[in-house]
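What follows is a set of structures to go through.
The two complexes that follow have chain A in common; it is paired with chain B in the first and with chain C in the second.
After this line comes the complex of A and B, so read on.
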């Protein structure tokens, strides 16, 4: 469904941040990307999304080269959804306006139904439709950004730390929601995460990135079980959990 | 008293159109396009030329408005998009340069004389002791309608939501499937049209000469900054404040101060008001009337 082949990318005239990253994710699958701060996770997602043009290598969507297709065209024509790590809602717009912009990509006849459907599924937003998004809590914003991305029924969803800043309860809700959309709508989800333990709980497979390279890839279950891997990549505190 | 307010209102309407245009474009491309005041002059001159070429008044005004909108897009594609890739301060200098070039072109084509639109003479109207020409009422009405339409577009339509989305967060707007470049150029087109209408309303009430743009620059900028650059609709309030201030300082009898019975500041000193207010605001409320602290998130 989505595949990166030997991707090399960086910003401006700067050095490569990604040094030949290859990965893939299929329909009905959550693939999580883990790794330390600054190793290039967000850059990888931005390159796949189309914000950063790859210097070498390929981004394939359904086998077609999509490395040079800018994000807005991927969203419109390839049914890709992307939620950035920061600034992921339109603060000056109301919650309803944020969601309607997402729904605007659907045929006119379907918009209202889709809007109602997702509001019913995420009642936290329903009571705050006329609030400015900047007046939401961090967790509510995270939910809003996810629902906004789900509005146009994407088939590929790129999520950059969807659980950042969420309370444990909220985090589980968001991960449950992500697992649910995978199962219900056959979504292919590529998700960068810091909360490795929880992310591996819902993910099917994981890639661990280090210094702009894939250091390791394994089914999520195996990674959770492997004590050496836990120690190395997931931090010591996971031991206790 | 009413005469005072009607003077201020007429002035505010002229300034508001151009200030709103300036602010709207600023919200998307993050540099104040100084050349916008010259677009107003292009609009006025073009309408005058089209009229003298035989077109009716309405047709000349409409055609000129559309042409200036198109010209604004052309300049944006040919000049500003490129300069913005370097830096916004370079784009600002580019817009200054464009202003000067446009001034030079006006001088070349029209020379230093003042021009007027050919207007049928209409009887003046008395309203609560205020003497208004019919053309003053028409221009006021036109400005109010144009501003109201722009506000409706911005706040009530999908395109308006897209415009605000791009202004707030362009990369996220792209991730929402919005063609940010298209939206920006639509706003540039609308801003060119609004500036042209501003210039034409001035031409409907007086004469047009090549220094019109320079004279507009300061009050228009002051109005836009007062509203908080980038808050398009607040620029209307900024324009009203500037217009009131200008009217006050040119209509107050300063005789007692000057040791004479009656002494008024010459009208050419009106920009002093804009300048004083601008400096005060930049010192104490640099983000405009409505934002007292940083609320951007």
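After this line comes the complex of A and C, so read on.
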């Protein structure tokens, strides 16, 4: 479904942040990208999304080279959804208006039906349609941005730290919602996360980055038990492969 | 006195168009353009150069639209590489470069400018002033309707999304470079039309009409009237223009020296901007919040 091959990327004229990263993710699975601060997780997601153009390597979507396609075209033509880490809702608009922005990418005749369909699937939002998005809690905003990303029926969903800034309770709600999205909508979800143990709880597979390279890759359940993983997140470091 | 009021109202209509142009850029799209006067300059010099070449008024309008369109696209192109603040500084710099170039080139009339342009409705005396005011008011109203239609459309919503969260707008499939280019083209066209009308009203064009202080006068109209409210910025333009026009009367009333007029106008612009930003940042008529269509 989505594949990165030997990606090298960085910002402006600066040094490479990604040093030849390869990964893949398939339909009906959640793949999480983990690693310490500054290891290149968000840069990797932004490069796959199309915010950052790779300096070398390929991003393949269904086998087609999409490395140089900017995010707005991927969203319109490649059925990719992207949820940024922060500023992911339009605070001055209502919940309903935010959702309709996502539906606007669909043909006009399908919009209302899709809107109703997703509201039925996520009833927590249905009761708050006329509230300003800025008045929602952090967890509700994440769910709103997730549901809005689902509106145009993406086949790939890219999530940048969906639990950023959330309390543990809200974090659970958001990860439950993400798992629900995979199960209900048969999506390929690629998710960057800081909260490794929470993310591994819902993910199928994981890649651990260190210094812009893939240091570890394994099924999520195996990584949860991996001593190197515990070393990385509970103290100590691991070397890039 | 009535001729004076007609004159002030005429200028207010032209500046109202410029305020609407800036409002599309800054108010609705978040494009902090400090070089708007250069787009207006394309209008006045388009008309003036057409006059020098012996072309009809309509050809001057076409030349003005082409020049302003190209400059607008150049501004938009710069926005691809510069963040909002730096883009604003770049537009101000370009406007100054254009003004200085115009002042030092012989084909633009240099510092003396170009005079003798055809006066609009000059053959309708004694009703020519009213006829011009009618035309300018019509042009302002048409610009207002165009801006309202635009900001209430789906494109208008995309403009507001770009202003609020440009990266999120991209994640929703909006091409922010395309939005910027289209907004700059439309705004440039409005500023150019205002410039042509202004040139054929004063019948004189010179580099003094391109000073950056005039950009900030237009900014004050938008800030006082209400950022991202088309009706508000027209109100702001009329209020500021009349306030500027009545400064000489205040000078006479208070027995102040002539130097006071120029200084008081600058204070009015700077003070107006500062006062409203501090005490009423949403302006006299605040933006109506909502997604529209």
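Criterion: the second predicted complex is superposed on the first by the 229 of 241 C-alpha atoms of A that agree within 3 Å, B and C clash if a C-alpha of one lies under 4 Å from a C-alpha of the other, contacts with A are read in each partner's own complex, and residues count from 1 in each chain.
Just so we're on the same page, a residue touches a chain if its C-beta (ideal position, glycine included) is under 8 Å from a C-beta of that chain, and two chains touch if they have at least 3 such contacts.
What you are looking at is a predicted structure, and each value in this text was computed from that prediction instead of being measured.
Aligning the two structures on chain A places chain B and chain C in a clash.
Of the two partner chains, both chain B and chain C are touched by A:97. Once chain A of one complex is fitted onto chain A of the other, the partner contacts of A:70 extend to both chain B and chain C. Of the two partner chains, neither chain B nor chain C is touched by A:189.
Of the two partner chains, neither chain B nor chain C is touched by A:59.
Shared-chain residue A:134: touches chain B; no touch with chain C. Contacts of A:209 after superposition on the shared chain: neither chain B nor chain C is touched. Of the two partner chains placed by superposition, chain B and chain C are both touched by A:87. 49, 51, 70-72, 75-76, 81-84, 87-93, 97, 100-102, 104-105, 148-149, 152 are the residues of chain A that lie in the contact sets of both chain B and chain C, per the superposition on chain A. Of all residues in chain A, those touching chain C in their complex are 49, 51, 70-73, 75-76, 81-84, 87-94, 97, 100-102, 104-105, 148-149, 152. Across the complex, chain A is touched by residues 154, 157, 161, 164-165, 167-168, 170-176, 289-291 of chain C. Listing the residues of chain B that touch chain A in their complex gives 158, 161-162, 164-165, 167-169, 171-180, 295-297. Partner chain B is touched in their complex by these residues of chain A: 49, 51, 70-72, 75-76, 81-84, 87-93, 97, 100-102, 104-105, 134, 148-149, 152.
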